[in-house]
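Per-chain numbering from 1; labels A, B and C assigned in written order.
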Amino acid sequence: MNRAASLFLGIFLTFTFAWVGLVLVPYFQFGRVTDLVSEDTGQTLPPPLSGLAQRGHEVYAAQGCVYCHSQQVRGETQGSDLARGWGARRTVARDYIGERPHFLGTMRTGPDLSNIGRRQSSAEWHHKHLYHPQTVSPGSIMPAFRYLYTLRKIAGEPSADALHLDGADAPPPGWEIVPTPDAKALVAYLLSLDRSYALPEAPTD
Amino acid sequence: MDVAKAHGALLREHTEPRDGAAPVPLWLLTFFLALAFWAGGYLFFYSGGFRGDVFNENQIAWGYTPPSAGKAKDPITLGKRLYVANCASCHQVTGLGQPGVYPPLDGSHFVNGPSSRLVAIVLNGVTGPLKVDNTVFNNNMPAWKGLLKDEQIAQILTYVRQEWSNQSAPISSESVAAQRAKWTTRADPLTEPEILAIPTEELPGAASASASPAAPAAH
Amino acid sequence: MTSFPAPTPSAQADALDRAAIDASCRVPVLLFFASANFWLFFGSIFALLASIKLTNPEFLTDSAWLTFGRVRPAHLNAVAYGWASPAAIGVAIWLMARLCRAPLRHARILIAAALLWNLGVAVGIGAILAGQSTSVEWLEFPSYAAILLFIGYAFVTVWALLMFRERRPGHVYVSQWYIFGALFWFPWLYGVTNLMLIVWPVQGSVQAIINWWYGHNVLGLWFTPIAIASAYYMIPKILGKPIHSYYLSILGFWALALFYSWNGGHHLIGGPIPSWVQSASIIASVMMLIPVIATAINFHMTMVGSFSALRTSPALRFTVFGAMSYTIVSVQGSSMALRSLNKITHFTHYTIGHSHLGMYAFFTMTMFGAMYYIIPRLVRWEWPSAFLIKAHFWLAASGIAIMVVSLTVGGVLQGLELADPKIPFLDIVVRTRPWLHARSGSGAFLFMGQLAFLLSFILILLRAGRRREGPTLLGDAASRRS
């Protein structure tokens, strides 16, 4: 091959072909799906994130939760996701329209979190788990996120959101462990994760 | 410059690489044709009609849409589906739970005991020490009131009470509704003493539902 | 092959040409190689930290900067952008100059590129550790770091075009096709994906498609072509034989360009993207068998009859190890894309084993091979110690073998257990741990091997040891080609 021109043209065309096929066509085909309003409940689907949950989305990105947790539920033919109770249905493109960046993930060192807000709706549990995962999930290899909590002296009334910890994690008397704004936002985000509503392209029954 | 002194490696080197002219073997070309044939077939069957809203690979094949599997109306099937989606991540599909963390539902005296207590547990959640099968668990279960409708809780519990080794009477959505009315103002999860203090009489509707388990309650 | 012939006048002239080319490459190429080794060292430290953290979650857990979710992307970015890319650029520059048969000009463009690029990597890794990662896998660098990389890389591409115009006329060898492809594809890819994901992010799961289109192409259209280009040069060069078949070279190159760029969607099988996108990528992944087999035959047939050279030449031994791994990792990759296998291996450590087979056993080993060949020519000094080279090879080869086997077996078991909903998740977590311990151990092997290489690298730059007349060979000098 001595013709530089045909070499460059070929290099250009093969790549353009893939770029159009795998990026532009999907973008125009389903990259602009919109939310919709449920006929049954009048709810907007997918429900938009609250401001606090949106902030929690950023915390999730900064801590790199995505390297251990996926947020996608595969259909019946691809694995046991549904049978494990990770969702009521497979997830589809519309579920993610509000997510920037996306947290689909590629590893399941930990369980899928697409619907964690539904199966674990207790903020208290999430705080305890983030503070010291092994106390609520023995044998877990999830790292502790203690740096998202502060130890402080109780001034007057104990705070309402102080963690109820026991054993070695309990704070010394007169002190309390409270979530930082980051931790609260993160838990608000986790609690918002519930993709169990039905969509036309993904019915729940 | 004396190259040999400069660096022996340069003199030892062979000339820059050249091309040989061996042909592409025939078997290889045949193999590629076979692959291309396979690829065509695969695209034919699994392209979902090239639609942007078809995600299951077998949903549309060959221009043909398989009829969606007959919608299950049988409460046990519905209950199972709801159980898997809501409860199985902790209590497991086997109903055996996770030792030390999540209590079993299979053989549990709460599940097979008075329905008033069982429904209250699921509506409000549980916290603190709880003795199930002679093992004390000390954990939290979140409340389900806000997430599941009466009918759904009834279906789940009916399934749970009749699955694995459990053989107890079904639970109707009226009985769930009756319990829910009693607990509307309750915000925190229940504790074991509170559960045990709930009167054990069977709620209205339990018996009627056992007569016709398939009748979905209207509300 | 026991001794080389006395230099004929024309060989003498050839050698003089080559000496001039090598001298002109010295500064920029060594700059890229040195920075590559620097980042390989730190990238590997991050790797070891991340690996230990996966089995011992309490290890260094109280520091936000060193949490698993930051150390792991710091590792990936340090090795992908700190080590692999500069190594590839260095090899590409030297191969370009050699194959254009013209001394390198405009070295300043390349030096500026190296500085910008490394600055970008340093800023980017700092940003990840500080919690400013974009959390988009393979594109974690925030835009202020990415732009530095992009400009640095654009300089390299511009330089390559200038260089190509100054080539001595004649045949354009297959290595150059791959280098041109790579130097053109990468900046487009990097620019477009950064724009569509970080600067003006598109919506929802289209992001995921673009994300993995990038993630796969950076391997397939950047690292892979450079490593193949290097193997296409080193194998015939060291053996002094022509490459087996020009036609297979053509088939391999164009099939790679056509199919690799469509592979990305196979990272999202079962995910929230339409079935046709997944199926198209699955097909392209399987079609990758075409270029892979064509290239494998080409290398193999060139090697036939000369396998004994593997005993002596370090460059050849590393390169052939890499080339054989390329075949294995690609066939494995094609199989993993099939829905039936993917549903087991997806989301497990099997994938991590696969990526290390690609990035280490194939790419990194090939780059080591190229460096063993190139560096003595640039510094005009032979490698100081055959022992260090041997230690490097055996530690790297056994380390990567242990890593891939443990992650593959561990990953399959993990996948099979995940597929059975009756097995509680936590039990799977606990049972996967021993395999992760094995991975940490294998990582230590790789790290020690790299230290041996780093030591050799520093010693040869210092021109340490006594001056050698012949090459530093591994076995007894039955053959004296280096």
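Structure notes:
Just so it is clear, a residue touches a chain if its C-beta (ideal position, glycine included) is under 8 Å from a C-beta of that chain, and two chains touch if they have at least 3 such contacts.
If you're wondering where the values come from, they're calculated on a predicted model, not measured in any experiment.
Because contacts link each chain to all the remaining chains, their graph is best described as complete. In this assembly, the chain whose C-alpha centre lies farthest from chain B is C. Chain A and chain B have centres, each the mean of its CA atoms, that are 17 Å apart.
Chain B and chain C have Cα centroids separated by 40 Å.
If you average the Cα atoms of chain A and of chain C, the two centres end up 31 Å apart. The set of chain A residues touching two or more other chains comprises 26, 29-30, 33, 75, 77, 83-85, 90, 92-93, 111, 137-138. Chain C has residues 171, 272-274, 280, 339, 421, 425-426 in contact with two or more other chains.
Contact with two or more other chains is made by residues 52-57, 84, 88-89, 93, 101 of chain B.
Across the complex, chain A meets chain B through its residues 26, 29-30, 33, 75-77, 82-88, 90, 92-93, 111, 115, 118-122, 124-125, 136-138, 196, 200-203, 205.
Of all residues in chain C, only 4, 7, 11-12, 14-16, 18-19, 22, 98-99, 101, 171, 173-175, 232-233, 236-249, 251, 272-276, 278-280, 282-283, 286-287, 289-290, 293-294, 297, 301-302, 339, 376-377, 380, 382, 421-422, 424-426, 469-471, 480-482 touch chain B in the complex they form.
Residue ranges on chain A touching chain C, taken from their complex, read 1-2, 4, 7-8, 10-12, 14-15, 17-19, 21-23, 26-27, 29-33, 60-68, 70, 72, 74-75, 77-81, 83-85, 90-111, 133-134, 137-147.
By the touch criterion stated above, chain B contacts chain A in their complex at residues 52-58, 68, 71-72, 78, 81-82, 84-90, 93, 100-101, 125, 139-140, 142-143, 146-147, 189.
Residue ranges on chain B touching chain C, taken from their complex, read 1, 3-4, 6-25, 28, 31-32, 35-36, 38-39, 42-43, 46-57, 59, 84, 88-89, 92-94, 98, 101.
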